[in-house]
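Consider the two complexes below, in which chain A is the common component and chain B and chain C are the respective partners.
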Partner chain A sequence: MTGSLQLVPLLRRYGTFLGFLLIVSFFWSQRPDTFMTTRNWLNITQQVSILCVISFTMTLVMVGGDFDLSVGSMASLSGMIAAVLWQQEVRLFGALGAAVIVGAFGGVFNGVLVAYAGLSAFVATLGTLTIFSGLALLVSDGKTIFGRAIPEIVGDFSRGGIPLAEGIQLPNLTLIAISVLILMGIVLQHTVFGRNLHAVGGNREASLLAGVPVARLRLIAFAFNGVGAAIAGLMLVSRLSSANPTQGDGLMLNAIASVFVGMTMSEEGEPNLFGTLTGVLILGVLSNGLTQLRIDTYVQQILTGLIIIAAVLFSRLSLRKR
Partner chain B sequence: MRWNLFIFTGILLLALPQFLFAQSRTVAVLTPFLAQPGTQLMVEGFEATAKSKGWQVDVIDTSGDVAALVSRMEDVALQKVDAMVINVDPSQIRNGLLAAKDAEIPVFGMDSGADPLLTANVTSNGYVMAAETATYLVDQLNGKGNVVMFIFEPYPPVQKRGAIAESIFNNEPDINIMEKITPSFDRGPLEGARNAMEAVLTANPAKGSIQAVWAAWDDPALGAEQAIRDAGREDEGIVIVGIDATEQARDRIAARGNLKATVAQDFTGIANTVANTVEQYLQSGSVSRSQIYVSAKLVTADDL
Partner chain C sequence: MIPFLHLNKVQKSFGNVPVLRGVELALFSGEIHGLMGENGAGKSTLIKILSGNLVADNLTCTMNGESLSLAEARWSGKLAMRFIHQELNSIAHLSIAENLMLGKQLPTLAKIFVDQQTLSELTQAALAELGITHIDPQERMSQLGAGDQMLVKLGSAFVVESGKPVAQLYVLDEPTASLMPSETEKLFEALERLKQKGCSILYVSHRLDEIFQITDRISVLRDGRNTLVEKTKMLKPRTVVEAMTGRQISQHYPGRSNILSKEVLLSVQHLRNTKLKSLNFTLHKGEILGLAGLGGSGRSEVLRTLLGIRDFSGTLSLEGKSWRPKLKNFWTERLAFIPEERRSLGLVLNQTVATNSHLPFIGNFGNFLGLLPKQKLRQKSEEAWSRVKVQGTGITQRIWQLSGGNQQKVLFARATWNQPKLMLLDEPTRGVDVGAKQEIYSLIRQASQEGTAVLMVSSELGELIGLCDRILVLRDGQIYHELQTKGLSEADLLAYCQEVRAMGNTE
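Our next item is the complex of A and B:
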């Protein structure tokens, strides 16, 4: 009896992760030759790396009780800024730096609107989504930039990595995602900023009364997210060897979905990095596995949506029962 | 004797599927644009031809997400399919093409751009199609009038069309390009073009202030026609032309409204040619040409 009582909170906390393991086991059993291979898993980590970066920094914003709809268009804008600068023969790192600075400015702009001007995160970032999207089209004149305009080293970067064995390497994009995960983990768990941000997300009024600089913390979280979106945008340019003014737009919904799925892995339903990572991996593994099983892509979308809803619903129900 | 027959028949029945399986080819068709009527026609055409050849076809659509298409190409490369067919700008999916190359899987473009990593690309000649509609428009206007252009620069094959039409209009001294519009895709290009055309009509209320609309594909042409009809200005003689000859565009041209002409890309012909080119490569290990053009035809009400 005691054992079963102990099992309930464990299931509640790790139910989503168990679900992830079940999904992995299912694909493994169905495609034993190709799914559970080092090459395929490195493939998956590379495929989800861009979403990882944007979702990890989005987790930071959501820990503070906000969210950001503009990350996808910021990723497009940052990538476009770098590509346009390369086209004008600006040096490699100059263009990369400019793109990251644009991301930081965009994040700060979001932060000012939400934390200081008092706009709701939904309205403010919906507005900036449109602004960043328009800016991306404006700077590129609506065109896709590709070919010689993109330095060869940029495209080569996403194809490179640390060699692990013959023909197998840990992709550079995966390494960036791991670095951002570690950095965000340190920021959230081992800094005063991170601990205070948790307090702000938990109870904003109480944090204010306790003297926590709520507005500043929220602004910094948005700035981190802007930089994360910019890095993701640059990774996207590297992966596609081209920059398109709308290529990052699809990232936003998947990032929010990943954080929401990850929230089911916390006792209090709070955003957390391990949960977000699990959420991203669920999306990545589903896409990879269902493609390998030759499931219709539209059925894939329906299944992915159903699994997200099921995970969040399961968590809600178990919280209510508690 | 009867037992022998049973055993022989049993062995045959067991072996037959394996024999058939060994003979069958698997081809993955990958596109982010399956919602587009032209792409649908090509994919359906390819599936039909592939079926007649006994191939298995896996169609993968990433709903506009090019990065996801690269990921799916990597997944398909791991599956060791016999060939991939893509309908997307190859310059944006270099990593996917390299994954296919590493896995030694040939990739064929179905109305894509040319790329050294493609074994072959089958398409209509975009320059010729744009020239057909632009010169038709110039002739209809007797070389004089204000033209609204609907273009789409992010996708190179469509960008080419706009560039050619623009240079033809610029070469005519009395043709004035009054607007160049990239329709919003938020609610589809038809709705985006309709909204944009409504704004142009509102900004130019005088009768006879707009003589023509040139659209780089049919959806914006249809959207512009709807806006002109809704504004009650369909009797001003505004001539609209599109490209692709979708069913909807053909219906409107047959109705003898403002939409006067389109260019029929032979989508089924492109699809068949791709399938035949894939077959040629799988049998011989080479293709006769890497860039193959399939003819397109101007369609007016007289043709319908």
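Our next item is the complex of A and C:
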């Protein structure tokens, strides 16, 4: 009796991770030659790196008790802006900087609407989702920018990396994701801002009465997320060597899904980076593995949705009764 | 006499921690049974087992001598129960009638449409059981004050549903926590009527006076065991307290052992806003000033204004300097506040004890990058923790795992973190057990002797008299009496409050 009682919280906490391992071992058994190789795993990390960046900053916003639907279209917009500027012969870093600044502004705009004007995060970011999306179409005139307009170095960046061994390298995009992970980890765990943000997410009213600058913290979290979305958008341009006004749109749902899956892995059901990383990897491994099994991407999508629901459902079912 | 419901050998553990270790509870028809015990004694667990929210590891159950399982008794309808919990969880934007019928079958027309007429009648009938006639069932819940909302919640236990068995057992968990004396009286009258009808009532409360006023029999739990089961008239309050705490409480209110400073800390002149009408008072350094009055008299409003979350006009000065309270500077100006609603306004429940105790202060710890020196923070939290004597596993424990009394002590750890000049306390011992109360009184006294001025709102008249140097009695946002507590009896103070109520009714 006591044995099973102790098993339940363990299962609840690590069930999602266990599920991840199960998925990995399934693909390993199906594709023993190609799946469990260093090369494939580095490949997976590169494939998920973009989603990683956006999910990590999304974790920040969700720790503070909000969420942000506009990140996908912000990623599209920032990538588009960089590409359009490059087309206008603006220098490499000038365009990159402009894209990131647009991301920061977009994030602050979200933050003002949610934290200061008091709109619900859902309504406000649904609105900005549409605005950013429209802006992306406007600046690009609805066209895709590719080929010579995108500086060669941009495309090369995503193919480059730090050589680890003969023919194997740690991709640059993966490095960016790791840097963002470390940075967000420090911010969430070791700064006044991060600790206070946890309190705000736990109980906004109580934090307010304790003198915590609740609105400012929420705004900063949104700003981080805007910048994260912009960086992800640029990474996407690098990876595809092209920019179109809707290419980042799908990131939003996957980012929120990753954070949700990750939330099942903390004691109190809070968003946490390790959980988010696991969530992202589950999505990444599924996509990679299913592609290797030559399963249709439409089916992949259905499976992904089912797995997200299963993870959250499972953690709810085994939730301790208070 | 055979008990109506008899639970015996009730055992329940959470993980490896036993909470109930073989408890007996015998409830008789036509009797009010008081259940007492400190927080963590197992009262809530026992009630949850009764309601079916928890399943006991072991228990035997008989109803009128016939043995059956508790689940069977509930589902078969043989045991019809009504529960009233202490937490106010009403839905503000629904009507009073809808709140009252929450979770029950609404009366319908043609099985589809809500029958508003019958709904109103049902509501009125239920409220009439409580002697309430001044509440319109069609009004929104948000229109009512806290006391009236609680009465509505109580009323929901008296709704007669068609086709459902009439309840024979009423379980009330701290129902009077936010009621004023006159409202409490109404509740007691209703309980008396239920008792006359032959119902059985299980009444859980921390308040000894109430328990002795209305119960016929008292059970006391301590550490998951019965330490006392006896007819009320055979008992003295002291015996019950000793059974609850396992120790003899010598002095309930720690007295002042220093001489009160003449130095004025806070002076309030012509303080006015929508709820307050020209208040004037001063608070001396180290003084404990009580605010008494009915719910809605403006007691808590005074605290909220000083907290800086209400507009006002008037002159405030702190330490002789003109002062405009602002919430964002509140804690850094070495002022402290403990709200009435501990769980919703005080604590971040999913966080640790440490986080909750240093919440307002971690901004002071960050370096220029905003990075936190964890070691130093931990050390300060440990100090705060040991200062208030929280019973728990340590500062990294999640706060929802603590009992109410210990949670409140964590709020005191926060409030006394940096030797504040002024502490604002709103119902500082609400929902706290006797032992923890005693310790909280000591903390308040200690802070005041170290020079902290305390402005305290409480509905427990005894604690106002026992702790405060002076008491202001408020009504309609005005100060009606200023009382010295020396020689003041609870009955006197009650009379001042009642007089206020009587005048209010004639207007």
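The criterion applied here is as follows: the second predicted complex is superposed on the first by the 313 of 322 C-alpha atoms of A that agree within 3 Å, B and C clash if a C-alpha of one lies under 4 Å from a C-alpha of the other, contacts with A are read in each partner's own complex, and residues count from 1 in each chain.
Rule of thumb we're sticking to: a contact is a pair of C-beta atoms (placed from the backbone, for glycine too) under 8 Å apart; a residue touches a chain by one contact, two chains touch by 3 or more.
Everything quoted here is computed from the prediction, not taken from an experiment.
Chemist: Contact-wise, after the overlay, does A:G147 reach chain B, chain C, both or neither (first, second, both, neither)?
Modeler: The first partner, chain B, only.
Chemist: Of the two partner chains, chain B (first) and chain C (second), which one does A:T291 touch, if any: first, second, both, or neither?
Modeler: A:T291 contacts chain B only, not chain C.
Chemist: On chain A, which partner touches more residues: chain B or chain C?
Modeler: More residues of chain A are touched by B.
Chemist: Would you check which partner chain A:D156 touches, where first means chain B only, second means chain C only, and both and neither mean what they say?
Modeler: neither
Chemist: Once the structures are superposed on A, label A:T34 by its partner contacts, choosing first (chain B), second (chain C), both or neither.
Modeler: The answer is first: A:T34 touches chain B but not chain C.
Chemist: Could you list, by residue number, the parts of chain A that touch chain C in their complex?
Modeler: For this pair, the touching residues of chain A are 2, 5-6, 186, 190-193, 195-196, 198-199, 202-203, 205-213, 267-270, 321-322.
Chemist: Which chain C residues qualify as touching chain A in the complex?
Modeler: 15-16, 53-54, 307, 309, 327-332, 337, 339, 344-351, 355, 359-360, 362-363, 365-366, 369-372, 374, 398, 400, 414
Chemist: Using the touch definition up top, name the residues of chain A that touch chain B in the complex.
Modeler: Contacts found on chain A: 34, 37, 39-40, 43, 46-47, 50, 137, 141-144, 146-147, 155, 158-159, 236, 239-242, 244-247, 250, 287-288, 291-292, 294, 296-298, 301.
Chemist: Please output the residues of chain B touching chain A within their complex, sorted ascending.
Modeler: My answer: residues 58-68, 70-72, 74-76, 78-79, 89, 91-95, 98, 152-156, 159, 182, 185.
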